[in-house]
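Here come two complexes built around chain A, the first alongside chain B, the second alongside chain C.
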Partner chain A sequence: MPGFTLPSATLLAQSVLSGIFVGALYGLMGLGLSLSWGLLRIINLAHFAFAFLAAYICFQLASHGVDPLLTLVGIVPAFFALGVLLHWLMARFRMTTFNSLLLTFGLMGIVEAIIQTIWTADFRKLESAYANQKFKLGALFVPVPELITLVLAVSLALSISAVLRYTDLGRALRAAAEDAPIAAAFGVDQRRNGLLLAGTCAALVSIAGVCIALTATLAPSQMYAWIGVVFAAVMLGGLGSAIGPLVAGLLIGVSEAVTMAVTAPSWAPIVSFTLLIVVLVLRPGKAA
Partner chain B sequence: MNAMHFTRRAALAAALAVALPAAVAQTPAGQPIRIGSTLALTGPLAATAQIHKIVGDIYVEQLNKRGGLLGRPVEWVVKDDQSKPDLARTLYEQLITADKVDLLMGPYATGAILSAMGVAQRYDKVLVHHTLGIPSLAKYDMQFPAWSLGSEPATTVPNTLFDALAAGPKPPKTVAVVTNKFPSIQFMTAGAREVMKKRGLSEVLFLEWDFGNRDFGPIAARIKDAKPDFVWVGAIGLDGNLLLDAMKKIDYVPPQHFYLYPAPGPLVSLPEAKNALSVTIFEEQPPFTSNPGAAEFVKLYRERATKAGLADPSVETQAAASYTAWQILEAGVNATKSLDDKAIGTWLKANRVDTIQGKLRFNGAGNFGDDLMRIKQVQNGHWIVVWPKEVTSGGAKLQAN
Partner chain C sequence: MSRTTLAILAVAAAMALLPLAGLPAFYDALLYLMLHWIVLATSWNILSGTTGYFSFGHGAFFGAGLYTTSTLLARFEWPFLWTLPVAAAVAALLGTALGAVVFRVRSVRGELFALLTLAVTFVVGTIVGNTPIDGGQGVSLTSVRVPHIGPTQSSTFYLLALAAAALTLVVARAIFYSRFGAGLLAIHDDEDAAEVMGVPTYRYKLVALAISCALAGVAGGIHALFLSYVTVGEVFTITVPLTVVLMSVLGGTRHWAGPAVGAIAITGLLYSFTAADHAVAGKAAIGAILIAAILFMPDGILPRLQRLLPKKSARAVILSEAKDLGTTTHRDPSPAAQDDREGAAPLLRVSGLHKRFKGVRALAGVAVDVRRGEILGLLGPNGSGKSTFINVVSGHYAASAGEIVFEGRALVGTPAHRIAAGGIARTYQIPRPFAHMTVLDNVALAAMFGGGIATPRAARIAALEWLDFAGLAAKADALPDELNLHQRKFLELARALASRPRLVLLDEVLCGLTPSEIDSAVALIRRIRDQGATIVFVEHVMRAVMALTDRVVVFHHGELLAEGRAADVMQRPEVMTAYLGRAHA
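This part shows the complex of A and B:
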């Protein structure tokens, strides 16, 4: 049994901040996955591969002097197109939810192999001007790359949530997810909306990928390390929700960080998955 | 004129008489000798396994240029175990029973090596392996380690490190021990903690994290809070980089720090890794490069690694252990003039082999020989060996932050 240490207020606060930053990335990774799963009934495992592909492309462009944030100008539309293409293929072959899981799992392996062929299995670290920037908030350190991730995660989650709630497109997407035939009877163009949403999900995960490039070291196999915790954030936050995965991600990140601050860091993964089990047991309808 | 022609012709004939037999001797002939192994060509261990792939290719190429083994060409049959020890086991079975290879070479990483060892034992095959991290698990009689960490590295390696620190500018009194729970790391860290206790050092912090941990922020904050003189980081792969990144974000520089098995290239290139310590069996500097075959191997490896796009093309522990493994196997075959595994195994146990690490023996517990692990330090963006004194060069000394 690990010992409990009473941390100093600064240590605790810094850990909470660290948890917020990492949780924001969980939420940003989970945003597209949640929308795809909840509104399109597609479980897109290739999501994680796309994140890393975007990260590597950002790394490559930044190695040639392009500002990492500026790479979004090219990466986002490219991945939007990729998402549209993938969804078109899945719709063309009338993929069921389970089949989409299998297909995208295979696609994940293919993308990993492509990444390894181009960039090798070696670790790659993006050395950017942002990496050395941080500022102090009282006694707490706020690193700029992580802050960028948090700002992007929050603003995108709020924007997408607003679109889903207040626009005709958002209502149409939710209606189609609720009852596709009735939505179609009311004139909802599900095909067009599906392509638009799938492209948006891929674009969102590419933004997450650029954030990964800014904050983490890259290796092709690392994409698998995110699956468990991001799925937990998506299921905790609720499928089809834009804000849910962010809130869940923050909750998971902070609880992991606080666990690491007061007891053995090796207990941290237990916390996030215990949370998921508790929610699924107490509110089984929430995640489905 | 005629005299000059005669002289030229005679000289040409003499040259051919010397060169031709030598050229003929260099070309191996006959049925290839097939050496089988697996490597983690994909998966989380691929970054290091690709080093072993490059080294193996270099060695087999050089070997065939030198006449192969027993006058026959050598063919290396390598399969991808995808970083999975269970798959490594299956593939080694396949190599022996279906591919019918003549000899085996070990895979990368402790888990896969142990799997391969079980298979080798079933079929009475010699298994030379690169980097087994837990010597006490090597129970098979005909396995031979190329990594000279001795039979009790959990005691001898920390003692070497603390001898170096004691002779350094700031011998530590307090230590923070933070470690990955990866088996070969955890076992070394446990040994280090015992050594620290015996040496009267005070442990001010002890933390463990799981393999694959993403967030090192709280860990860095706890180390900073503990204010140790020295930080032992049971690191593997990128742990060191991630922890140093996290420390940088909270403006913390450890006074002295040690990383057990880091990915050496990424760590040495990090500015925050200044004066970071680690262990090594080989570096690209004298006296290591004076060992047989070392200088040529270093040159070739750099060329191939750069061509393969590796971020760090220098030879260190993994590449050196890999090359040594092939040297051991070649020595055993040549000495016994056979492919008989029992004969090779018997010979290796009774003799020393000249390698790029030095003369190695295999007659200790678990067939391990001497602990040849040295202490190296990041100085001015390079790994420099700083201890023991007899293997340092250019007056290199341990520095502190």
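This part shows the complex of A and C:
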């Protein structure tokens, strides 16, 4: 065990803040995954590849002088279409949940290879006007790109949750997830709704990808590093929930950051996964 | 020893001579990797492929073995070969500890199990990396002496992996064709039904996981020395589990040799890409192959190939085998010896039985005696607790309170598989056959577990008799999907009978059948009783109830409403009210 050093209050507050920022990104990455798993019964590992593809496209456009946030205008519809296309293929073959996991893992490998061919395996960092901007709030530093991520993550989670809860489309989606044949008997067009939702999930994850480009260094193999912790957030938050992954993501992010501050950075992974194991074993009903 | 086992050993022995031919070291390495992945994929399949509990934690077990060996070598300077059994034991211990917790939680199945085991990989990895086991810098084994087994160092690794692969394949094959293997495959299709049929599901899963982990641990131990420098980042990743899943799915998970076929295919492919300096293209190709395999060969390569071969009817094979064994195929299929000495004591005595589901009282203090040799009708409107009664007696649900005594033994708290082996069989209202097993194997499973027949071969012979008895012999080779409802119901009956029960619980076997099908079912049930079994018969079809039952009990709102001869009981006003409601004139 490394020695425990109790950090100063400012340092601790700063790490809680950075935990919140990282956690927001976990939540945003998990949003599409959770909806797809909970409502479509598809575990879409390709989401991680989509996020990185979006990040690299954003990086490419930004290096030509386009504002990174402006790239969303093109990236979001493009990934919506990609998500629809993928779901159309999977729906045609009537995937089981488990086979969807394997199929999208295969897709992930293909996208990784494509990214590696175009952008090489080297690390890339997006340069933009506000990449290194930060301002001081009391004794704490607030980096601008991270703040943008947090705002996006919270507003998207809230609006998706509102759509699921209060609109006919949201009710139809939840009904179809609960009992597909009965929902169909009540006139729910599952094919259309499924395509729509899958497109939305891919669009959401592409936004997460742009946030990754803004805040982190990119390398193709990095996409695998996200799988474990984002899955932990999704399962802790509850499948099919929009707010849940964000809350769980924040919880994981903050506890990781505090663990890092108190012990050593290398201990961080144990937090999220121990949390996940405990939840699965003690309250499996919540995750299922 | 079977012919296939001998063949595996013979091939391994022949392959062991290869280094003498003086192959370039390069081929040693390629063959080593192939064999290495055969061990990992085949061992993974022992639990995961057969039962459907897809583990993504194989990296953790592999890593446990790897770090056990490297610690023993680097720190304690053990001789290498002695570290391998310890590596296997440590990995098995880790798996058993995990399984002992996880397999107790009923809802951790399928994807949840996959993610949980994945999480374990990262937790174990973090612990190893942050403790002196690794220390964060990795462990170097460059100064460790590699034992001189082959003429060169690389051939030594090849021979070690060859031995491990041969061992793994022999073990996997032995399991696949045993009672144990049949039970594991049944868990895949319907775990609850398997348990009720007498498969000790918890113990089987735990043992399968332990064997699977031990073999992965051996592979890890050998790989530690092969790598000669091990780091946490390289070992505890998602790569190992995903690769073995890919290999097994590609080759076919429902056959012992499937994962090996997949391992050879994938390693060969990867090699041909890396050799030609197209590592990136290789990654994409693997992805594309995986997608194509899932879409077009969801069962894997091996089952696809098997389908091309002409298939002999299982029935013909068994009949010829039975002749070889000298068994009479027309053994009297009567249930185990019936003991009339206890005459007066009821076969099953249920008293004060309660079952609550949170707020709902499904059974509220039911007392029923079932007499030896009778057909007892269990009646009552929908939701009166009839099916719950069967579920509690068969051990599927635990009773909230009350006593169940069968042949003088208390059943409350006994696991369902013990109850099944102890002489109680049940059928499901909606038939729950094992979807991936043939009709014959469905019945053979019941004969093996409930009926206590030790070998699958003998069980199939017995199963064929029960299929004859139920009139399903012509369908022995069919999959349950190919049967109509009437045949599926009869399959349920044949399965229940094959466990040679003294008490059969029939849950609405007639529901959904046509009048003529009902007649043949009624005749079959009579013949079952004539064999000496006692029957509890839940049914709504009154014609059959009148024709068959010696006595009926009526449930209403989880309580016993009436008891007696069917014709009398159904005339009683309280029974008519329960069924038809009260007149509000």
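Keep in mind that, in the parts below, the second predicted complex is superposed on the first by the 288 of 288 C-alpha atoms of A that agree within 3 Å, B and C clash if a C-alpha of one lies under 4 Å from a C-alpha of the other, contacts with A are read in each partner's own complex, and residues count from 1 in each chain.
Note that a contact is a pair of C-beta atoms (placed from the backbone, for glycine too) under 8 Å apart; a residue touches a chain by one contact, two chains touch by 3 or more.
These numbers come from a predicted model, not from an experiment.
When both complexes are overlaid on chain A, chain B and chain C end up clashing with each other.
Contact with chain B, but none with chain C, is seen for A:Phe141 once the two complexes are overlaid on the shared chain. Of the two partner chains, both chain B and chain C are touched by A:Ala113. In the superposed model, A:Leu158 makes contact with neither chain B nor chain C. Of the two partner chains placed by superposition, only chain C is touched by A:Ile277; chain B is not.
In the superposition on chain A, A:Ala264 contacts both chain B and chain C. In the superposition on chain A, contact of A:Glu256 is made with chain B only, not with chain C.
When the two structures are aligned on the shared chain, A:Phe105 is found in touch with chain C, with no touch to chain B. By the document's definition of touching, of the two partners only chain B reaches A:Gln14; chain C does not. When the two complexes are overlaid on their common chain A, residue A:Val73 makes contact with neither chain B nor chain C. After the shared chain A is superposed, the part of chain B among 3-11, 57-65, 93-101 or 237-245 that runs into chain C is 93-101, by C-alpha clashes.
In the superposition on chain A, the residues of chain A contacted by chain B and by chain C overlap at 112-113, 116, 264, 266, 269. Chain A makes touch with chain C in their complex at residues 1-2, 43, 93, 95, 97-99, 101-103, 105-110, 112-114, 116-117, 224, 227-228, 231-232, 235, 264, 266-267, 269-270, 273-274, 276-277, 280-281, 284-285, 287-288. Here chain B touches chain A in the complex through residues 42-44, 46-47, 49-50, 83, 181, 207-210, 212-215, 217-219, 221-222, 224-225, 237-238, 241-242, 246, 249-251, 263, 265-266, 308-312, going by the rule given at the top. Taken in their complex, chain C has these residues touching chain A: 54, 101-102, 105, 107-108, 110-112, 114-116, 118-120, 122-123, 125-127, 129-131, 136, 237-238, 242, 245-246, 249, 280-281, 283-284, 286-291, 294-295, 298. Note for the complex: chain A touches chain B at residues 5, 7-8, 10-11, 14-15, 17-19, 21-22, 112-113, 116, 119-125, 134, 141, 143, 146, 216-217, 219-222, 225, 253, 256-258, 260-261, 264-266, 268-269.
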